[in-house]
Every structure is written in structure tokens, then in C-alpha cells.
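These notes concern the structure reproduced below.
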Amino acid sequence: MVSSAEEAAFEVGIKFGTLYHQFAGTPISPASAPSLETAMEEAIENQPYCTDVTVDVLTAALEAELAGGPAAYTELTGRFMEVDVVVDYEGTRAVARMEMDDGYPLMELVEVET
Amino acid sequence: MVSSAEEAAFEVGIKFGTLYHQFAGTPISPASAPSLETAMEEAIENQPYCTDVTVDVLTAALEAELAGGPAAYTELTGRFMEVDVVVDYEGTRAVARMEMDDGYPLMELVEVET
Amino acid sequence: MVSSAEEAAFEVGIKFGTLYHQFAGTPISPASAPSLETAMEEAIENQPYCTDVTVDVLTAALEAELAGGPAAYTELTGRFMEVDVVVDYEGTRAVARMEMDDGYPLMELVEVET
Amino acid sequence: MVSSAEEAAFEVGIKFGTLYHQFAGTPISPASAPSLETAMEEAIENQPYCTDVTVDVLTAALEAELAGGPAAYTELTGRFMEVDVVVDYEGTRAVARMEMDDGYPLMELVEVET
């Protein structure tokens, strides 16, 4: 048997894996970042039980990366975004977050509320 | 030796492969289609030599697909979009297009102009 | 506070979202299916807490799809695979499964064992 | 009108864009690299006109990356692979290659032979 809290946690995990691996590698520049943020949010919000997705592309980190080389764009990776996802599974809310932690993008389950 | 016309054709090919395989599989609904169109266009326009990308999500095809089942979204595939890409490689222009042809998404090199 | 059971469920969800959205869209034929199965399994088993991944490409479904048209390959989607993933989060085991359910690929949390 | 040489160059470009953006972001370790190399080769060889794909994961570069941190895997990017693709379009052969050039993955059209 699986509890609603476990189901909600499972669902929010699916959304994170989806968002990251669907969009990592996308060509991105400071100018194109806003449209990609919106598209990622709206795409993932289509998935079942998903009530809210917020993607924040870290423009300063992106600009710092590009300042070091000849290219005007790079590929999206976890270093360049912070993401919050909220799922509501039949009344149980799960919240997860991705941000950099000591040089690695860390996906963290923040809370599950029955 | 490789001619400018061949280089331009190569570059527009890269853009098509990138666009299709970066974004195929993205959760999409009629409501989220416009933001994904814009994000695909701006992402690919970041790539070298790429001057113009136009993505048209086929909303009617998307709605027909969803009308047949319980889900409110599906995954983006070639059946649901038409794409035009223009590349300018050092003065040589290459134009390519993707559209459905007898049930298959066909990527076609439309013209190369020196 | 988040329990170990919820963490395990979150982690197994991440693995499913990753597997599906990293590899959906890959060109696949009956001949290339075995190498993709192995690569998907070994790729996802790299992720934290993931102890076992089994991917079964449904060769009969793939052959039926290809029999209906001129192409010798298609794109991988949920219709063509069944997947089992096991996660061990600090002693708590979570098991999830993806299979077709009434025409849709359903990702299901099968059990969480403390 | 489009020449066979331009068509061949277009087709080999599609293969490179596909390979890179389908598989970039895949979790990879030195142990899982061989199965991913094989799967990438066989997947892309399914595509029209594609006669040969060779993917060489740069294990030394991968090990150097992992030696600098706590993780046992990373994400596949252009820094970790060299790729050769050969296309035969109705008797016209096009060859392209991806390798690192001054810190950037460069996709290069090597030759087109009528």
C-alpha cells in the first residue's frame, strides 16, 4: 500500500526529472531565457497533479559564463536555473526545489503536507 | 574541400535535428503551445548562422488528438508542428522546412542560394 | 519534515521522469532496441539511490507499428516500453513501474518499504 | 533546385543535431559509457541515408571531471565525446565530425564526395 504523501512525493519527483531532462541542453542566452522559463513552466504544469512550476534562469550566472568565451549562447544546465514545483495529489501537497549546492544542482523535497 | 552551399545546408540540418530532438516529448496542450513555439524559435535562433526560425504548432491536430481520450495534454511530436528554418552561412542562404508528408514528419531542404 | 518513505518516493519519481524525457524521441528499430535498453538501464542506475532499472522494449508493438508504414524505424515513446525502477534511500526501498494502461503510459508507485 | 551534395550535407547535419540534443544530459560514468556509445551509434544509424556513426566517449576527460568532486557520474556533453557520422545520399557521401576546439564542441562538415 502506498500513502497519499508518498504518491505526492513520487509525482513531484517525476515533474523534476521531466523538467531537467527535457530541457537540459537547450541553447540559451540572456535574451532567450525569459521565453524558455515560461515554456518550461507551462509545459510541466500540463502534467497530472501539478499546480505550480516556477523556473528562474540565473541570468547573472549565464552572463558570467558567456563573458569567458567567444560564444553568445550556451546550453541550459542546472547551474543556470532554480526551480520550484508544487503538486497537489488528492489534497496532499508536495513541494520540491532545485538549486545549486556546493557546485551541484540538488533536487530537494521541501515538504509534504497532508 | 567543402563549398559554402554545402556548409549552409549542413548548418540548417543541424538546426532541424536540434529543434526536433531537444523538444520532442515536451508535455503540450493547446493552452501551452504558444509559449513553447516562442521558446523553440528563440532557442534555435541562438545557434550559429541561424537567422530565422518559425514554429507553428498545429492546434487543430492537437485538439483532435486530445478529443479522443481522457488526457488534457500530450507529448510534442512532428505530427503537431510545422517548422521553417533559415540559415545564412557567410552570405549563402539555406532554407529548410518540416511538415507532415503521408503521415510522417519530413524535413526538407527547400533551397540554397549563393 | 520529510520522512524517508517520502524521500524514497521522490527519488524514484525523479528517475522515471529522467528516463522518459531523456530517451523519448530516440530513433529505434527492433535491431537497435537491445542496445538502447542497456544504455537506459545503466544511465539511470548512475543516479543517486538507484539500485536497479529494468527496461523492456516491446518489440512486438514496435514491429506492429512499423508494419503499417514505409519506415524502418520510429521514435521511442511510452507505448514501446515497460520500465521498473528500484530505489534504496537510506534503507527505505521504493519501487515504481511504467506500463500502458488504456492507451496511456502510466507511471505507478508500486510500493514503499521501510 | 537543390543538389545531391547539398542534400547529403543537410542530412549529415540533421544526424549531428539529433545525436547531440537527444543524448546530451544523459547521466554517464566511465562504467556506463560503453553502452551509451553503442546505443547512440545504433540509434542514429536508423535514420535515413545514415551509413555509419562512431561515438567515442572520452573516458579520460570524464574521469578528470569526476576526480574533482564527490559525484560518481556527470551529464553527457560535447566535452566528453568525439563523433563521426557518414551519410550516403543517393551515391553522394558526406562526412562530418564533432570534436573539441578551443573549449567548444565544434561540428564540422569534413567532406562531400559526389
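We just call them A, B, C and D in the order they show up, numbering each chain from 1.
Everything that follows uses one rule, which is that a contact is a pair of C-beta atoms (placed from the backbone, for glycine too) under 8 Å apart; a residue touches a chain by one contact, two chains touch by 3 or more.
For each chain, UniProt lists the protein as follows: A, B, C, D = Dihydroneopterin aldolase.
If you're wondering where the values come from, they're calculated on a predicted model, not measured in any experiment.
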item	value
Rotation angle superposing subunit B (Dihydroneopterin aldolase) onto its copy subunit C (Dihydroneopterin aldolase) by C-alpha atoms, nearest 5 degrees	180
Interface sides of subunit A (Dihydroneopterin aldolase) and subunit B (Dihydroneopterin aldolase): same vs different residues, half threshold	same
Longest centre-to-centre distance from subunit C (Dihydroneopterin aldolase), chain (CA-based)	B
Intercentroid distance (Cα basis), subunit D (Dihydroneopterin aldolase) paired with subunit A (Dihydroneopterin aldolase), Å	27
Distance between the centres, which are taken as Cα means, of subunit B (Dihydroneopterin aldolase) and subunit A (Dihydroneopterin aldolase), whole angstrom	24
Rounded Å distance between subunit A (Dihydroneopterin aldolase) and subunit C (Dihydroneopterin aldolase), as computed from the means of their C-alpha atoms	20
Shared-contact residues (touching 2 or more other chains) in subunit D (Dihydroneopterin aldolase)	18, 20-22, 25
Touching residues (chain side subunit B (Dihydroneopterin aldolase), partner subunit C (Dihydroneopterin aldolase)) in the complex	20-21, 24-25, 69-71, 75, 77, 103-104
Subunit D (Dihydroneopterin aldolase) residues within the subunit C (Dihydroneopterin aldolase) interface of the complex	18, 22-23, 25-29, 31-32, 35-36, 38-40, 42-47, 72-73
Subunit C (Dihydroneopterin aldolase) residues within the subunit A (Dihydroneopterin aldolase) interface of the complex	1-3, 5-7, 9-22, 94, 96, 107, 109-112
